[in-house]
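The letters A, B, C, D, E and F name the chains in turn, as written, and every chain counts its residues from 1.
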């Protein structure tokens, strides 16, 4: 791994948006995950909203989808691309007292969509923080990582179970 | 804690941007932190860039400052506000093999700047991921949380050491 | 009315962002309304979603709030301003087979917030169109107008009942 | 119509950006229309500006073109796409005392451009409102709808004369 | 001059958004200028449009005003601020075969509006380039500089005649 | 040259986003250049930062890359497009006491990328101005022009040496 260079820099060490024009257009797909840990009472509140009204997760889902479309504005060296689909899933885990989020992003293009999926997860969790911060300032975003990617020269990559967290 | 309501919803459970016009204008300050865990070789690469050229952290710092200014576009119910200052600090920790990031945001206003600080940290870490992902897809963002806040009716809040992570 | 000039143009007829720096800062409030007319079956579908899941109006509400914050980007000569609060209300009217939307925007500033309220209503209705267009392309946005405004030199203005539509 | 589902939601009722990657790339074209009704004196003022200087419609046209490019930022579940062309036309109708606007948007893609055309019309009319509101607060946006679309699996769709308004 | 430090960096040489919260709010005003040099035939074409229809300068003026509102998004360390007014003026100079542009920006705030005025001029000239490039690729933007500023601790600053170009 | 029309206007003189859907997709490449002239002491300061820390040019490079991705938002009639690569180069010239910037933008598309390259250069130079303005208000942006373009029907265009400046 040591020998690979960071392609986002020229040989002179200057940041660049790497040329991808010669890469083939393939179906790209990336799945990212993450969680926000909170007080049990906060989790209960979110669960209640999900059932009836005051649905924190519905707002976070929209924020995540919108953020994924603006990834190239947020991440300086990311390429603009056309997402063909985005899906956001939440799961509430009472044992660890956290909301888990997974985002899947897809496009047909010359670069991967990992950053789109990771940005979606991050903004989903930040939005949950925003909506619940009045009752629980200590919430923590954790374990935001790539779970799986497909497409491009490197093909399928899958996170090894238990790795990295 | 149970009885407090989520102010981002009306009594009918509908999302709203809460009215803050009656709150006094005070100096607001928020400090947020977080980290990205990575392979030791990746950390070494970032450290090398920081010394010479190919400076991943310098790019991440700019991304973070720019993102903090756009927080209200990303977080649906956040209020627009005028940041008067933003600072981003990084520290490389070889023991845990991670880059730690802290962001401090400040304004004089009617709402807090927690989301601005948390957004800055998140985008800083995402930018590091983007620039290093070609050599290390398994990196994980972790422990993104509020460390301290000042200003407003609730005054100073400080994270208890060791809490939440 | 004839003699009043359009202040958005200089005497040479050139568009400008009118100077408002000498105006006093007052509480500004604007209420705008509008509707989208549709097939009765489409209205029934929206009503069903509102009850259970698949909530078109919840998505439209978030879109409206976010758009209100970006009004000055969309409307060329509008002044940037800090909204202190935004509320979006929907009502389903089976008789006229339409969804009605009202948006209230508030700020403390030197210019009114009519455009913010009107932009919120328009984007709410456009979002409903987007989500239902696969089943009803003939929907029509109608009656988007200012209902009431407060603040500034001109004080309270209220739409006369039945006017303009 | 009853049986068709709203594709913007998953079977669990969660909002998503629908996957369109499998759809063929075809020429897409959408024509939308709408109007802003106003006092006769306001219409006369706009007509005068169109002749000489102080051209309200020229400003509204630019606002509309720019807004059409940002549709996917405003409408949460809309797909980003590359417009290949946009045209905005205005007509002044003294009988009904309104400015009519039509917008045509075109692209080669996997999704339609109806939302781009409808957004362009809406922002054109909102911009006219903004520029004339100092002399006529009672103006009303009305009859914003799709007039025609081409491309994609469903082929040509045309609004029936007199429908919906 | 040598001894003054660049305030946009911390003592460790890290970029920051400088804290301005302690500065007094004063009326800020900045006037910037610049020009685009072109073939005489291109200038003639622009002049013709200004007279009749096809008005390049009207489009450039709107682009400039809109860009001035987004300065803090473009310039990484610039502070967000509320412009209270913006004016764009053009002059055609047949002798030097160029269009000159001046932009005046104003706000009441804690930081200057030089960047807003300079950004407005630059985007005005870029827009002229865009609209005329099909007939004259060799056009050159030149002499974009601050002409005058007012407000803040440093008071009035005026460019010495003939300086710098 | 006289006879060519400005394609950004319809025959009625109304601004439009020109239809490019019938043009072939080719590799597009544009190189633009420009400079910012400053006091020798300012140039020395930038050179010092480039060596150690406080790197003005690194910040300007990121600003330029990010701005190039948003060209279609800034330039009203520019088409949205997918940049496949962007590179920004700086050179310090002690003789003329200026920083020169060159930007190369590339895409595969139906329209050229001249505006993306020119926007990148302009925002790079504006960012340098912003970071150094506290020590040198008199800096001037100069000679911003297209140096070379490739792709599309008109093929290669190269600026004649010494032209236009």
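We take it that a residue touches a chain if its C-beta (ideal position, glycine included) is under 8 Å from a C-beta of that chain, and two chains touch if they have at least 3 such contacts.
No experiment lies behind these values; they were computed from the predicted model shown.
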If a chain touches chain C and chain E alike, it appears here: B, D
Shortest path length from chain A to chain F (each step joins two touching chains): 1
Touching chain C and also chain D, the following chains: A, E
Remotest chain, chain B as reference, centres from CA atoms: D
Copies chain A and chain D - rotation angle from C-alpha fit, nearest 5 degrees: 120
Winner on C-beta contact pairs when B-F is weighed against A-B: A-B
Reference chain E; chain at largest CA-centroid distance: A
Contact-pair overlap exceeding half with C-E, pair selected from A-F, B-F or C-D: A-F
Centroid distance [mean C-alpha coordinates] between chain F and chain E, Å: 16
Length of the line joining the C-alpha centres of chain B and chain D, rounded to whole Å: 38
Centre-to-centre distance between chain C and chain A (centres being mean Cα positions), rounded to whole Å: 32
Set of chain A residues in contact with two or more other chains: 14-15, 55, 58-59, 62-63, 66, 70, 73, 76-77, 82
Chains touching one another, given as label pairs in label order: A-B, A-C, A-D, A-F, B-C, B-E, B-F, C-D, C-E, D-E, D-F, E-F
Interfacial residue positions of chain A with respect to chain C in the complex: 55, 58-59, 62-63, 66
Chain E - residues contacting chain F, complex: 1-2, 4, 6-9, 12-15, 34, 37, 39, 41-42, 44-45, 49, 52-56, 59, 62-63, 66-67, 70, 73-78, 114-115, 118-119, 122-123, 126-127, 129-146, 149, 157, 159-160, 163-165
Of chain F, residues touching chain D in the complex: 10, 14-21, 72-73, 76-77, 79-82, 110
Complex contacts: residues of chain C adjacent to chain B: 27, 58, 61-62, 65-66, 68-70, 82-89, 106-108
